[in-house]
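For reference, the structure I am asking about is given below.
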Amino acid sequence: MEQVKIGIAGLGALGELHIKNICEHVPEAKVTAVCDIRQDRVNEICGRYDIRSGYTKFEDLVADGEVEAVMIVTNVAAHKDQCIQAAKAGKHIFCEKPLAKTVEECHAIEEAVENNKGKIFTIGYMRRSDPAYAAAMERVRSGAIGDVFMYRGISLDPASVLPHHIEGVRAGRYAPFFYEMGIHDADLALWFLNADIESVSSVGGAYVEQELARYQDYDNAVSIGRFQNGSIFSIQVGRSHNSSHVQAEIIGTKGTIRINNVPNVSRLEFFDPDGYRQPLEQTFLDRWGDAYVCEVRNWAGRILGKDTPVVRVSDGAKSLRIADMMQKAFVEKRTVYVGEMAE
Amino acid sequence: MEQVKIGIAGLGALGELHIKNICEHVPEAKVTAVCDIRQDRVNEICGRYDIRSGYTKFEDLVADGEVEAVMIVTNVAAHKDQCIQAAKAGKHIFCEKPLAKTVEECHAIEEAVENNKGKIFTIGYMRRSDPAYAAAMERVRSGAIGDVFMYRGISLDPASVLPHHIEGVRAGRYAPFFYEMGIHDADLALWFLNADIESVSSVGGAYVEQELARYQDYDNAVSIGRFQNGSIFSIQVGRSHNSSHVQAEIIGTKGTIRINNVPNVSRLEFFDPDGYRQPLEQTFLDRWGDAYVCEVRNWAGRILGKDTPVVRVSDGAKSLRIADMMQKAFVEKRTVYVGEMAE
Amino acid sequence: MEQVKIGIAGLGALGELHIKNICEHVPEAKVTAVCDIRQDRVNEICGRYDIRSGYTKFEDLVADGEVEAVMIVTNVAAHKDQCIQAAKAGKHIFCEKPLAKTVEECHAIEEAVENNKGKIFTIGYMRRSDPAYAAAMERVRSGAIGDVFMYRGISLDPASVLPHHIEGVRAGRYAPFFYEMGIHDADLALWFLNADIESVSSVGGAYVEQELARYQDYDNAVSIGRFQNGSIFSIQVGRSHNSSHVQAEIIGTKGTIRINNVPNVSRLEFFDPDGYRQPLEQTFLDRWGDAYVCEVRNWAGRILGKDTPVVRVSDGAKSLRIADMMQKAFVEKRTVYVGEMAE
Amino acid sequence: MEQVKIGIAGLGALGELHIKNICEHVPEAKVTAVCDIRQDRVNEICGRYDIRSGYTKFEDLVADGEVEAVMIVTNVAAHKDQCIQAAKAGKHIFCEKPLAKTVEECHAIEEAVENNKGKIFTIGYMRRSDPAYAAAMERVRSGAIGDVFMYRGISLDPASVLPHHIEGVRAGRYAPFFYEMGIHDADLALWFLNADIESVSSVGGAYVEQELARYQDYDNAVSIGRFQNGSIFSIQVGRSHNSSHVQAEIIGTKGTIRINNVPNVSRLEFFDPDGYRQPLEQTFLDRWGDAYVCEVRNWAGRILGKDTPVVRVSDGAKSLRIADMMQKAFVEKRTVYVGEMAE
């Protein structure tokens, strides 16, 4: 079987997850090179997964002639330069979300990618590749629910990861939660409603971890928005739930699709003294394990000439724009219009 | 509004429940007399519910000319004589389940009731009057699930009432559980499958309360049976569950109806540290509160000339026959055939 | 049993429902008089329910010395004057929602009611009396979910009633949907979060019935709001759903309560060729039948000296204020602050 | 990564599924040889999956020195001889269920396997490897539900495959349904209850496809059984359901585990005009896709020295014995005892 030869930049937990997934579950691809600024981490990963080439400089990864496709799993601050370098080197590119720090950077990436003719680009919005969301989109496209006019998303992290989050926020590693989590739903709203944003309002607070307020962050918040075609969204994010819980509704003129109403982690249910109980997903991997595989298979499949779906480079700016507006609306306690945002 | 004047015999907890229900929720009826062998209980109830006449002898209740209809909520040992007396006195009759101690006694009641022309008789199989079961029967009759060939019932009591049960069993107040609980499902199997029994097999044991074994009783058991028209049933009973839980399936050639798959006690669900949880019905009243009202409204409505459903006197013998066979099959550890049963 | 003697004004469908409920399910009360501007309707209802006195003028109802308590089920335009008259006459009062047309009118009612010492007043926010919401509040008060910081409500009418709605809107009988439906959720947000409103934003549209746009109305919309104590809400309303569907979540720092996640109309579930299916509530009575009884029992019970819950008169203005803000925010496409609203 | 070199005998649909799974999802193994009596099928599969060696005789597969482990996916009539040959050749063995045609044959296999020291044997009871059943067993072993005393299994095929089934039955390719389907539940009952069978009773019929009756087969049936330690089971099988539906309950003295109560095929739910609907699993692969991968990974993992679970060779005879008793009880319409069965 033909295999895409992949070089991966960024060997954090998510970078390693992609490597493990490709080794075990992506017959369409093979990791032939990795890159990280930490030499020992490079050595460790190359040994663990039997990878031929290890680099500490992104330039070297891109210069590796065997590498056909690059996965960028580095800090968001590095995305712009790395995407542009990889595009200039004629590589296929997979870039983790968010695409960049600013909409302006996104546009720079777009330009480079558009000049990299014939190469396949995608963004790591893995929810689109999740079997449930993919099936929902198929149903929407079949016309079964009429014209779609509303997207409602709920994205909650378990309270168990809140201490880790707050550390990341303190260290400046994490942006406020609309950027970290809400941006996934912003992307899905764009995907399902296929429209351009007009205005956004937000409310929320730091109810459980009050220190978040110092960083214009929040542990629970909700935004509503209106697109230029009149369709609307509601996006709720939270960091203090009793489980990982990502739910969505796609609402049309003839019906509604609900996704993951109860995030049960298995097909088990217990009759216990306390009632009837379904154990829930505890980590994002409980929910997205498959999706992380599917998104890479979709990208690699497209590179190999199949008709699998990928995320357009222009969608990176659009979803980031909505995240910017959700955040600004939260901070300024008012409706924010797209016209006020810098281009 | 015209009201049926009712006399109630037997002022145990269930007798009082019927009185309270009639006072608060049955506009079609009025309790005008009660009867119990305990004079103080008669006084207490007459005072509490403002009831005109109280008796300590069933004869006197039946002789009360104002009483049009008699509810027999006494010990099963008394049912035969009381039903016959009430029938001879020309009263409408509601008799609690089981109809009598033996099939032979049931037949004696049948004869008396058949001679009591124009009067309405029913048995307290309240599940048939429960909105869910009534709606299921309506769906079955509509043909929506094709020809019905199987009934599957599960009737579980919470472990919390097991100590009370075992006391009743020791005192001889309770028959083995197929008689107390399984007989409801036997009646429903007969109702949905509309057939005559052919054979029954049972297995079970005293797993939680081993003392039950001394009384040829069990805390968990399951029976299967075959009707003469080829249709079948499976009936599971238990006394050690974490909730009250009565579930059923009606299976037809074109579809299946499930009733009360999760016996949630409310429309509430909790996201707790332990998962997603529905609080469950804890007592039989959580489940059957409405059904106890509906069965009396159905009976009184029929007396007043409406077309509400009642249970035929002949169904009393039929369901008791199945309970006899379930018990005999359990004790003798073999399939029991109707031909072996005494007529 | 002691019974509160009730006079009911307004014999539309809801007025008659209250009468029927009281006759059949409210042992604590008795309807002794009714009033409607249509003499024939008065006659019809008095005959059907065997009611002693019928009037065509509210003054006469209030002057009826036998009437202890008045239920106002008339058009909202009449509420203010009728509440004040009834209060001056020393009656207990039950007023349907919304309490009045404007916050100013609500304050006038408040004043009259406060001067009507010792008499019990309530507003027909029946959801608070629904067993599920009442149980949710009990759980909240027990501290089981920590500090409550968010209320999320969804209130959807089935598309089947949309033609009736649009007629009512054309005729000016119905206000925009935040007033008709969203106000219930506004009241519940106030009840659970126990706070004063600060700001509201809304989005929505007339996606299914575009004519609604002419009336500054919408068939689907969603509002978010912030209270002065920092807590928040999200309220979604719709008129084009496939069922009646009223769902809520109460979110606290330690857990979440979900109410009526699936508005199944019974305990039945079907295995059909199309999948596993629960038939849903088709009309508001499928959902609120019990609640309409409970709210009257609670009010009558309080009149008789029990500790049953009623709605404070001041809550009428508070929920109407939020509805005003939801509507204004929708029309003006911006966040609306309480400071801008006329007192 | 070290990989087990596997030879697969039997290139029907299930044989090919195993090959595809190993290629794509079992990094621990590699298919190096296949065998089927049809030369063209051998060529087709070798080409499609890039497999080195193809044989038309099982002897040749076993003689292939590169093959370390043999998967027997042939007709059950061939299992005994092939297992014995493979065992004599010192291969690790994976044999599809049922292990053999008769309990006697199973014992012959057992003997050969026991003499094949140090090699790993397993039976294709894939349900044990399904994540849900594996998690249930883990919970049982943790003691969370107390002492387990009952297993309840329901295994239903969709009516859509009934025409295919009846063809197979006519052609003698399919045994009655207790052998094809019920045997899985028999194995699970043995696994969870860890006991030896004592007696079995069955009822059922050919309600939808009456021709099945000619073959002592049935489209719906249910068996109950008792183990020698007193624990019990209930196993329902059917071929006329509206979906593929395999459900189970493990019942203990302290709690109950339910598996796959609703066999929803995805995390999607629809609000449709007909109600709230979950699309269901339509084929056995919708349900067991993962389990077929896991069972091979478990077996290969064990060969590579990991502590993954496999099925003991002796379990093949035990589950077949129960299937024999379920069938005999059905045909003879009576309880069948283990003592009557030939050894």
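Order of writing sets the chain letters: A, B, C and D. Residues in each chain are counted from 1.
Operating definition for what follows: contacts are C-beta pairs under 8 Å (C-beta built on N, C-alpha and C of every residue); 3 or more make two chains touch, one makes a residue touch a chain.
Everything quoted here is computed from the prediction, not taken from an experiment.
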| item | value |
| --- | --- |
| Option in A-D, A-C or C-D whose residue-number contact pairs overlap A-B by over half | C-D |
| Pair joined by the larger number of C-beta contacts - B-D, B-C | B-D |
| Between chain D and chain C, distance of the C-alpha-averaged centres to the nearest whole Å | 57 |
| Separation of mean Cα positions, chain C and chain B [Å, integer] | 39 |
| Touching two or more other chains - residues of chain C | 241-242, 255-256, 261, 271-273 |
| Complex contacts: residues of chain D adjacent to chain A | 1, 23-25, 27, 50, 131-132, 135-136, 139, 145, 255-261, 266-273 |
| Complex interface listing, chain D residues touching chain C | 241-243, 245, 262-264, 271-280 |
| Footprint of chain A on chain C - complex, ascending | 147, 149-150, 152, 199, 201-205, 207-208, 220-226, 230-232, 234, 236, 238, 240-242, 251, 253, 255-256, 261, 333-335 |
